[in-house]
Each structure stands twice: as structure tokens, then as C-alpha cells.
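Following this line, the structures themselves.
After this come two complexes, each holding subunit A, first together with subunit B and then together with subunit C.
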Partner chain A sequence: MFRRSLAVFSALAVAAFTFAGCAQPTPEETTTPEGPNTEQIVIDTTFDIATIDPGREYEPTGQIVVKALYDTLLSFADDDTTKVVPDLAGYVANDDLTEYTFSLVGERLFSDGTPLTADDVVFSLNRMIGMKGNPSFLLDGVTIEKVDDQTIKMTTEEPSPALPAVLATPSAGILNSKVVKENGGTTDETDGAEKYLNANSAGSGPYVLESLDVASSAVLVKNEKYNGPQDPTYDKVILRNVEPATQKMNVERGDAQIAMGLSGDQVAALDKTVNVASTPSATVVFLFLNQNPEINEWTAKPECVAAVKKALDYDSLLELAGLGASQATGVIPSGFLGALPKEEALKFDLAAGTKGAEDCGMAGQTIKLGFPNDIDPAGTSLTTVAQRVQQQLATAGIVVELAPAPFATEIDAYRDGKAHMGLWYWNPDYMDPANYLAFGPGQKVGLRAGWTAEMNAPIGEKVAAGYTTGDLDARKTLFEEWGRAMNAESPFIPLIQPGSNVAHQASVTNVYYNPTWLINVAGLGAA
Partner chain B sequence: MSQDSEQPRAIEEPPSPTRGRRSYTGLLRYLGRRLVLTVVLLIGITLVTFTLTNLVPGDPVAAAVGQSAADDPAIVERFRKEFGLDKPLYAQYFGYLGRLIHGDLGTSWQTRNPVVEDLGKAIPATMEIALSAITMALILGLVLGSVAAHRRGLISDQVIRLISLLGISVPTFWTAILFFSIFYYRLGIAPGSGRLSPGASAPPRVTGMYTIDSLIAGDMRTFVDAAAHLVLPTGVLTLFTVGLLTRFSRMALLEVLDKDFVRAAHAKGLPTRSIFFKYVLRAAAVPILTMVGLAFGSLLSGTVLVESIFAWPGLGSYAYKAASQLDLLAVMGVGLFVGVVYLTINLLIDIAYGFIDPRVKVGS
Partner chain C sequence: MSDTGTVIPRVSFTRRIWRAIPREIRMPVGMIAALIALGWIIICIIGPSIIPYDPLTQDLPRLQPPSAQTWFGTDELGRDLFSRVIAGARVTISLALLLVIASMIIGSLIGIIAGFFGRWVDEVLMRMTDIVLAFPTVILAMVTAAALGASLFNAVLAALIVSWPPYARVVRSMVLSLRGADFVASGRLLGFSPLKSMRLDILPNVGGPTLVMASLDIGNAALLLSGLSYLGLGAKPPTPEWGSMISAAVNHYDSWWLGWFPGLAICTVVISFNFLGDALRDAFDPEEVRV
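Take a look at the complex of A and B:
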């Protein structure tokens, strides 16, 4: 009977795998002898999609999809995020950057064949503001009005040099207002078009939506009516929700052509047949020490902050981030106007750090380090970074007690400014250095570190100027000066600018990482 | 015996002309009592889930809208209003119960879909691998458990016990990675992640289980594709469950094999096969069935890591994401479903006892 049981078990296993093996298409079946297969491309990533309604979506995976379905007034060329370029429109601005006039370029068509007009632009952007969805804060204080069918005017209460970069984000995508209105769309909180837009697209982008399941996949097919400047290669784009460990095997086997969520370690271990497009991300991983003495009297002392800055071995921390990572030279990462050069980054000096900690009284004190332990920004594990920070500061006599928590829990302590010391990350909302002014005293992120406006008025003045200065050269100088002052006097310690690694098969070309929309699927090519 | 169910009572009752009708009435009365108890337990589940989720330190709004948007009061206010978080906790809870009566589990803020709709997609996906795994595990577990019991102490018994111990002890996520790595990545004899090959369309929805729906639609190509994708996740879950059922079957059968009536049957010269199938297996069926029910419940609610590795959009993945984002209504929806599953399985098992074991009678 035992032998029979074994036989049954073996027969079942063999049958199952024979069946599975016969049923699956091999990678070879997806190529054609005539040339590259452009029928479809499979992109594996880790989903965080909640919606693909442009006026509401604000998650990285959502940006990939929305970028493919909807055009924006302005855009960026490939991975160059330092300069906006026209997409649907070109623009001129007045001298104090409070009034922008956009002129639509040519006659672009929506996927139903109707022309895109100024009415669609005004409706789409007012809808984004009025619905008060996640990205609505991007256009706070902006008034949008139609001048004529081809012209739109936007006015802002304060000078707004960052507005063009904001309008290049996929959330500012332009919808077919007629279709959206027919499906419950309005420009206020009563809008009811989200469900429709999660099942159908209503844009002028190079692709249209075939299907979306926020748990598993998004399928896009070419927009036959597209008449914009891009020339999409693939007829169908399939984005799949796959965990990083599985992504690696899928892209190596050829079942997926692109894997977007690999950590530095996984990228390093990739099969040599897989290419990697590696660029610095726009993410900054940083440490902060709370300046509120009621939270912790030691972290609040500027001398102690200076000691911690010296006690950290930045090169050693960088080892944890993998391919493409670099030391963050300031809170503004490389690739942005005003980013500091490498030589101006904070430097490790253990002796000075140890002495500083001793002098300010921090040595021997226990400092709690809070951080989210379920988030790996750009593939960098905050848990391992925190552990190494703990080791390094211990060498300088500072006792760090790790206090991790899931993001949903830890963000409360962070936003309320209750953490002694925090290890966090910042992803830009739009590609303009003004986005990083939030780290200033009295600003959003500054206050999370208990750093109020009156604690450093000179840096505060630079922040105010940073929000309103329009001249390019003056901005560059201003942001550089601000960055130096932040490195010297702020409670923030920029640690790592992780790399963004997109693993792809050699058959896929033109793979560019863009921090705003991660990857432009319409720009991908085939070899 | 099932853990949280009312115990059916074993009653030795002399046969009587009215026995059949009385049993039927008793069964109905028993079912009525169980139904009331089920409703009470489900309300308890909602209360516990709601309380625990609200006790977790953290702001669901910040978790849902992101760092920047969470600092905009207008966005936060709109979000709270949209999902009813602007109301006092008691009002949120009773509002939930009120909607629950109409089958409305609210809207998930991680997917923006009604929770009922999300569960309607996730449950069949998990059910498909759970049903395959429990069927395989039951067949193999019974066969291996029987062999081990019959050959107690012999080498084959030792080998089976070792295999079953390994099945239980090895974490399923590790087995999942191992299976995926060997059979898909190295050998290429199994398909990759997901429920279907990239680009393949799901069959028209009837049950939500792709293998069954494709058969109903007469679409053999999709059936073969869906079934092939089932092999690896089913294999992983089967390995774990078969270890459990083998050990339990062996234990239950050994207990029965030592009984006097089995010895008597042997002494009467009845064929071994008849003794096993007619007497031993039937007597051991009650505890085995209980374990099958519990194992099935566990498969439905505890497959998160396997689903994650095979990119299987099932209940485990949904529950994990909901919990990590403090998606209260989704968490409560999953909690309710798992509660219903366990209560239903226990009820079915308790009723089945009456048919399997003549000594057991429900009701009276």
C-alpha cells in the first residue's frame, strides 16, 4: 500500500507539472522571426494604484498609467526634469510669474476623435482643484480661465515659478470634458466620474485603457486617434502587480520585459542578459533631530545636531542603498536646480563627532529613532539604514534606541513632531526645487522636526525668496545658498539619494526613469 | 470538535415510529439556534474588528492620501467626509451595522471600490487555490495517514511521519519561493506569476474561479492556462495541508484500529479492506472531517505570503494591504468573511456528524 501511495503521489506530481509545462507559453513563443515583437510589453511593478482618475490619483503606479492615457499642457523630455517642454501647449508668463498664458499647439484629438479645446483644459484643472482629491493641493491658489478656444490664462496669488513643473505632472492630465460630464463629472466635491474613469479612459494620450484591476493588472492599448508627438511602439502594454523577488525571476526568464521594483541587492544579482537603466532617483533619505526641547533636550541642542552630523559615516551608509545611489549632498537631490556638488556634502569625522557629543552632553543619553519599517523608498530598506546609524552613533557614545513602526502608525508621530530622532524620506511632488523648501524652519517638514520659523530667521527668509524668485540664475544661487545653510544649521541630515533601477530585457530600448511618472510607456522602443 | 460551535449532543434514543419527523424538527430547531448564534457572533466580530482597528495608533487619512496631501486641511476634510470619518466613532459603527443589513460593507479607500465588489473578486481567486489544495491534501493525507497507521512503527510509517512533519514545519513562503524558483525559473516547466498568462483575457464571470468559468464558457485554452497557473500555488498549500491531515488521519485511525469492534471484525474473518472502509474509516471520519474544515478555513484566510509570491490577487493580499493602510472598512469586510467561513464550516461539519456517526444526533 505504501508503494501504491508513493506511486499515486508521484503520478499526481508528474501529471501536474507535465500539464503546467505543456500549458505555458515559452518566452520564445513571444518573439517573431521577422523582428522584434511589438505586440505587447509586460511591465512588472509593485502596485499602489488607488485610482486612475487624473484629478484624484497621486500614487507612483497610477502616474505611469495616467501618463500613458492623458496628455498634459507641459511635459519633460525623457529623463531631463530640469526643463519643461510644451506638450499640448506652449506658454508665456509675466515678469513676476503671477500670470501664465497657455496656447494650445495644433489640434489634438481625444480617443473618441473629438478635438481638445481650452474648455477641456479649464474643466479638467478646475475639477482637479474643486474635487479636493489628493493632488488638488498642487494647484492651490491658481485661477484658471479660458481666453478663447486655443488659449487659457492662469493667475496665481503669489509669484509661482513652480507652476510649469506642476502642470507637467500626470495628475494635471486633460480630460474629454464632454465625456466626463456625461458620466457624472463636475468641478466640485459632488463629482461622480471616478468610477467611469477607472474603467474607461477619456484622454488624448498615446494609449487608452483596456482594463484595470487595482489588485493585479492594468492593460493599455494604442489610441488609434492619437495625433501627438510621441510614436508608441507597443500595441499593448500590460502592467502587473508583482512582488520584487518574483519580478526578478520574471524579467530574467523573459515573461516580463521590464521590472521596476527591484532593490539594489536584487539588481546587483541580476542575470547578465538583463539590462539595467540606472539613474539617481529624486528621493532623499534623511535623518532629523527634533528641535523641540520638550520632546528631547539633547536633540534640540544645535551642538548635538552638529556632533551627530560628524559622527555618521556616509560612505558606509551608502553601501546599503545599492546600484545608482549616491550620498545626498543636501535636501535638494541632484538633478534639480540648486543641488549642491558632491564636495559640499556632509563629511564624516568620528573624532569631532565623539567630542561634540561629549561636550553637548548627548554622549550616554538614549535617543529614540522612529522610522517606518514597511517602506523601502526606491529600494532602500530604512530598517537596515537605521541599524547602521545606531551602530555608528554608538561608536561616538550616543545610544540610539530603534523605535520602528508601520508607515500608517509612524507617520502620526512624524507629522505631529513627536519623534526624538526620525529616519524618513522625501519624494518630490513636482520637479522644482521649491518643493524642498518644505524643509525650512516653520515649514511643513521643518515643523515635523520641531523647527519653528523663529529658530532660524535667515534661513526662513531664503525660503520665502525661494518660493517667489523667478529668474533662473538668481534661483540657482538662492537655492545653493539655502542648501549650504541647511547643511550647516538645520536639524536635517541628508543621507542617501537612492538610485532608480529599471531592469529590462535587451529587446526593450529607450528605457528612461523619470521621477514624475517613473516610466513613459509610449517612449519605449524595441530592438 | 469544532472550537467555537455549539456541541451536537450524542443521545441514545430508542427507535420510535415518529423518529424521522422528530429528528427533522430537531434539526430545524438546531439550525435556528445556530443561525441566531451566528448573527450574534458576526456582530461580535464587527465590534472587535472595529474597536481594534480604531485602537491602532495611526491616522488612516495620512496613510491613504500621502504625506503632502495630508497637510492640506481641505483634502483631509473631504476625505473624512467621503468615508464618514468625520462622525463620532459610535455613529460610524452603528452606521456600518445599518448598512450591513442591506449587504453594504462600505467603500474601501485603498481601491475606491465597494468592499463587496473587492471581496467578490478576491474570494474566488483564493477559493480556487484553497479548494484545489484541500482536495489534493485530503486525498493524499488520507492515503498516507492510512498507510502510516497500518504500518505503525515500520520504516514506511517513519518516512511518512517525517514527510508530514516537514510539510507542517517548513514555512509556506519558503516553499513558495523554492517551488517558483525551481519549477518556473530553473526548469521552466511551470508558468509564472498571476492567474493567467500576460495578455490572456479572463473568462466571462460566473463564479470568479477562472478554471470553472472557462469550462462553463467552453474556452479550453483559457481553462488550460488557468489550471496551469494553479499548479504551483496549489502544490505549496497542499504540501503544508497534507502534512497536517496525514498526521491527524494517522492519529485518528490508530485510535480506531485499537477498538474492540475492529478486533472482533478481524476475528470474524472479514476482509481487511472491508474492515477499513466500512468500520475504521467511518469511525475515524469525525475528527478527520473537523480538521479538514479547520484547514480549509485556514487556507482561505492565511494564504497571504503564497499569494504575494505568485502575484495571486486573492483575499490574503487584499487583507494585508487593507491592514497596512488602516483601510477600516476593508479590514472589517475581510474579518466578517473569515468569520462567516469558520462558522459555516463548523455548522456543516456538525451537521455532517449526524450522517457519519449514528451515535450523534443534533437537536432533540
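Take a look at the complex of A and C:
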């Protein structure tokens, strides 16, 4: 009898605790809402922060933090990445695009109150180059000199049309040279300021660092000395490292105001109360056929490439990428200068594809398709896409054998140009179409598809021209022509541009996704 | 694994099973486990003829929850999940059986040779076994599978490399104690060659416990193989394999059915075969015999 009453008692106790837990007021309910809450904003994302020393940092999450802490010479307005705008400085370039002169705009202050001068610019950028960190390659071959306190000159041996876009990358953020030098900073590999910069910020950006734990969270507070063009709304910004499953719950419940790591399918399943800023990402998922006849006789035939381009049902592939995704109209994604309009994307024509495959002899052949099976670029599973490609090409009579491997293994076959057919993706290094010239014949990515310079000289000439044109309109035309030629003749088949989905509560406004720094926390508004 | 006390007196193996079955199968757990395991084996054999859809055709709407038309829902490519889970039984269970049989044969052979000949033969073979046992099983299998390239055959090969040593160890320890037994010695005195002695006197006596061990291992083998596929080191898409189905489900956790049903399949296979193995082991353990 005693045992039984004990059991009843404990059951009641458990129930009581459970109800008590449910009834406990959540922090949101205790604060009385009076106008928009601008005290703090919580952003959930999946962390890949290695460091927040601008000269060393080149990871997506790191860019969010560094963008808020440091200003760059040039910048982009919101999500328009086709045009650079002045931030710390304006610039003029010579006709050859080998000499750029930057003049600082007004007197901007660092968070300790000292004014930002040309010396800081020269030190910061030389440090980024000299430390040989991850982003150093962006400024390869650039010489930086101070002309006077307000003027900086940059020269390059080769024409460098992409330099302005590179200087808008958060990695090219300007540091307070005095503070950094005091903490061991130099402009070569002996630099020892990283530790200091991971615990403190030394920039002129709208926020300063309160704390950082690279594995869990970053806390930023408003920079009281900030005198730049932006007007940050929130006093405190908290970035948390959260699993996507939890991110979804947090943003639905209001524990976080923004969730950045949700895939297209997850976003589609979100609560209706949560808003989503959905834009195509800068990632392009593409298929390629190796042009080297020694690798594969059939994929090397231009007629077979043309047949495969027709045999793919691009709309049906798109459905696999979820919300915000669009068909990649060319290797250059939308959002870049010179991206092709929708109408010029490759089109599905099963009859022509089937006939083409038969005529070129590819029908009935088994072609190996290599792809990394542990990577989901921008939330799109390559394993899923590959299976759909396999089924579509089977309809056209082409037998595809899937040959997936982990990224670390498959990347070698891809880089060495050994894959017969490959399914890969490309993320831009900087927001300039010159980045994509690498897909040209004889260029870095082109060679991965066994596409040598001799195979297509006309496109090769356009590639060369792409590096030397400075005039915006001329560049646009040139890159569009290049893109058309690539769609028609290259062994690359652009498939999907996955979406970038930022889920946010209705109370947050001005949410823009920018491929360079993902989200500008200083630009967020409150309603 | 190293209990050498389970050496069985010389009674025909099949006879022992015969005597063991009626008593043990009455045990409800062993009974249910056996039924489930049997069910899976039947599905494995007749599966392809009972599935409603082609497990590879992507013509249904994608990510549909379970319904009357698609009992387990559809996956991220619009394939019927029920058909894929059923078709997956053939892949996973038959390969698990193959793996267990192969590792039992290889392990027993090495164990018998080591135990029977002793001395340097024993030393060499057992040190080899130690080397393999010294590595964490799953990690070694992963490394091997990754080095060989992703395919189901390579996954079985990789799993084989890590799964024979326990058999070798157990069989050797049994042979060691059998070697000195009177009936073996008398056989040798009658002029049995080592081969004949191993075949007639040793093998029948180690066979029973080894088979029990193998039956305990089927579940683990299924788990190891689907684990390798989960990591992308086993079955290649679009093969319907439970591990790779769960791996695809990770990206779609809002569609619970994607991971739930293949997971349930793995779970029931592993538990039922292990319980069945346990029941069999109890049946063979002389100390457990109840009157």
C-alpha cells in the first residue's frame, strides 16, 4: 500500500513540476512592449568562424562580424552587388585599370577616438597581403602607397578590373594601425595581433566587439564613436551558433529574431508568422562534361555536350533546391554585372536531346558522374541533384553511373581534370564577374573539364578582354557576350542558383542578403 | 568473447539445435524476435514483387507525408518510401548475411589453424588478429572503405576486414581446449591426418558456438553496413539502402517520415536478430539448461 501511494505521489510531483515549467513566464512576456525593441537582436546561424582578424578572416560567419566591426574603403549598397559605392574613400582609376587613386571621405574615427588616416589604410592592406592568410590572394600583385594623409595609390602590373570589388570585402577592413602595432601587429608573417583582435576590435565600424567565442557566440555593441554613413538600430547584436533544426524553432518562438542557416525546404515549412527574405545566392551548381578525349570519348564531343544541355529538364531540377532558388542562366549568377537574363538560360528539349545523343553516339553509353556527397552548397544536396540528372538523362537514352565520393577525395579527381562528368558548384571569391573568367578554355576551372585554350580560341579572346575593360557598360556587354558563348559552346552546364533564405521576425526590417557579408547587422531596422 | 568454458561435449550439432528449439522458442521475446527476423527474411526474398512502385522512379510529388497511396510518404526526389524501404531489405539483409558468413568462414579457418598447430603458426596468426583488433572497428572500416572507393562491394570488404578477428579468437580458444581432449587424441592415434582430425573431431565441436556467435552478429553487420552507407562510403545512389536513406533525411528533418521508416527498419532488424542470437546462445549454454 505504501509503495503504491509513493508512486502516486511521485507521479503527481512530476506532473506539478511539468505544469510549473509551462506556466513560467518567458522573458519576452515580462518586458512591456513599448514601441520597437531596439535593445538587442539575436541572430542564429551555423558558425564557421576561425578568426575575426580582418586580414586573416575569409569565412562566411566571420564576414558578418568583421563587416560590423570594420569599415572598408569601398562597399556595396544593401544587396546590390553589381556596383561598388564609396565608404571610407572614393576612387579614380586610369584607363588601363592598373592604377587606382583613393581619397578618404571626411574624417572618420576609430572606436578609441583616433582619426583614420592613409597610414592606417596602407598598414591594414599591406598586413592582409603580407601575413599570407586566407584572403591574401585577393590583393596579389597590388602595391599600396600613401600619397598624403588623405590619399592612397594602388598599382598593379596586370589590369585589375576587380580591385574595387575586392576592396569591398570585409577582409579588406581598415584597422587602427597604432593599436594593432602595440599588440604585436606587423605587415608580414611575424604578425602576432590575431589573439588581440579576436578579443577586441580595432576598427571604425558601427559596432565594437564585446565578446567572442568562435564555437558558440559573438556579442557586438554599438560603437559610440562611429561617425560613418550608417545608422545602426540595435544597441547590442548577439550572433549564436545554432543547429538549423533549433534555429527554426527559435525564430518561430521568438528566441531569435533572425535565422540564417535554413535550407529552402525548411523555410517552406516555417510558421506563417515568420518573414523570409529570399534571394538567389551567389552559388552556382553546374554540370560539366570532360573535353579530354582520353578521359571519355563521348563527353569530349561538342555534339554530345549540346545533346546533354537539351536533355536536362531545368525546371524539374530547380524544384529540388527549394525556396528562393532559380535556374542559373549562365556560369555568372544573377547579382553580378553581365549575368544573362532569364530568357537566355539553357532550355529543355527532350526530343532534340534524345536525337542529339543518338546522333553523336552517346546514347547507350555509360558515363560516370563524379560529385562530392558530403557537401550541400547553399542547402542544395548534390546527391539529390545527381540522382535527378541521372533519371533525366536516362530518358534521353544516356546511361549515367553515379560515382560519388567524399569532398576530400573527389576534389582531386575534379582538380586534376579526371572526372568524366562532374557535378560541382562555384562560390565567388569577390563580387566581380572577372571571377568567372576562370571557366574559360585553358583557365583554372576550364582545365578541370579538360577544356584547353586551343579548343575554343574565340571564347579565349573574350576571356582576355574581360580582364582589361574598365568601363561599366562595356564590361556588361562583354560579359554578356562571353556568357552567351559559354552557354552555347562550353562544356559547362549551369543548373541551379540555390536560394539564400534569411528567416526573420516581422519586428525586424531592412533584412538584405548580400553574398559578400551575408547580412549587414548595422543596416537592420526595427518596426 | 574469450569465454572458453562453453566447449560442448561431442554431440551432433543439428541434434543440439533440434533439442534446443522447442524449449527456447517458447520464450516470448525469442519467439517474437524470430518472427520479425523471419518476416524480414521473407520480405528480403519476395520484396520486389510486393512493392507498389518502382523504388527508383521519381514520378510522385516530392516530400509527401504518409497517406493511403504512399504508406510511408515520398522522399526528396518523389520516390515512394515504402517501396524503397522494402527494396532496401534485400540490399541490407543479404549483404549483412554475406558479411557474417564470410567473416565466420575466414575467422574460423584462421582460428582452427592457429589453435590446432600452435607454436609459431599460432603466434603469427594471433598477432595479426591483435593488430586488427587494436583499431576501433568502425574507424578502420571507414578508412578502408574510403580508400577502396564508395560501393557496396567495397563496404562489405571493408567490414569483412574488421569483423573476422573475434571469430578467430573464439574458435582458437575452443580448439586449444579441444586439442588435448581424449577423443581428439584417440583420433590422432588411429592415424587421422591433421586435416581429417580438424574436419571430423574439431570442426563439429566449434561449429555450434560459432554459428550462435554469427547469428548474434547479423544485426551488428547490418548496422555497420548501413553506417558506412550513411557516411557515403557504401551504397551508391540511387540504390535503396537504409543508411543512405537516413543520410538524405538529415537535410529534411521536417519530413519526419524520411528518416523514421528506414530507421525503424534498421532498428527492428538489429534488435530481432540480436534477440534471436541471444535466445540461441541461451539454448546452447549448458549452464542455462533448465529442467
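To be clear about the criterion, the second predicted complex is superposed on the first by the 497 of 527 C-alpha atoms of A that agree within 3 Å, B and C clash if a C-alpha of one lies under 4 Å from a C-alpha of the other, contacts with A are read in each partner's own complex, and residues count from 1 in each chain.
Keep in mind that, in the parts below, a residue touches a chain if its C-beta (ideal position, glycine included) is under 8 Å from a C-beta of that chain, and two chains touch if they have at least 3 such contacts.
Keep in mind that this is a model prediction, so the values were computed, not measured.
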(message) Going by the contact rule set out at the top, does A:133 touch subunit B (first), subunit C (second), both, or neither?
(response) first
(message) With both complexes overlaid on chain A, does A:58 touch subunit B (first), subunit C (second), both or neither?
(response) first
(request) Have a look and say if subunit B or subunit C is in touch with more residues of subunit A. (result) B
(request) Identify the partner contact of A:388: answer first if only subunit B is touched, second if only subunit C is, both if each is, neither if none is. (result) second
(message) Under the stated touch criterion, which partner chain does A:406 make contact with: subunit B (first), subunit C (second), both, or neither?
(response) both
(message) Output check: A:376 vs subunit B and subunit C. Expected answer is one of first, second, both, neither. What do you get?
(response) second
(request) Tell me which partner A:274 touches in the superposition: subunit B (first), subunit C (second), both or neither. (result) neither
(request) Go through the superposed model and pick first if A:245 touches only subunit B, second if only subunit C, both, or neither. (result) both
(message) Give me the intersection of subunit A's contacts with subunit B and its contacts with subunit C, in residue numbers.
(response) 245, 374, 405-406, 409
(request) In the complex, go through subunit B and note every residue touching subunit A. (result) 56-60, 62-72, 74-75, 77-78, 81, 109-113, 118, 121-122, 136, 140, 143-144, 146-147, 150-151, 156, 160, 177, 180-181, 183-185, 188-195, 197-199, 224-225, 227-229, 231-232, 234-235, 308-311, 313, 317-318, 324-326
(message) Considering only the defined contacts, which subunit A positions touch subunit B in the complex?
(response) 1-2, 5, 8-9, 12-13, 16-26, 40, 42, 50-51, 58-59, 131-137, 140, 189, 194-195, 198, 213-217, 219, 236, 238, 240-243, 245-246, 249-250, 252-253, 255-256, 374, 405-412, 415, 426, 429, 444
(message) Help me check something: in the complex, which residues belonging to subunit C touch subunit A?
(response) 56-58, 62-63, 76-77, 146, 149-150, 232-233, 236-238, 248, 251-255
(request) Sort out for me which residues of subunit A touch subunit C in the complex. (result) 245, 248, 263, 265-266, 269, 319-320, 373-374, 376, 379, 381, 383-384, 386-388, 390-391, 402-406, 409
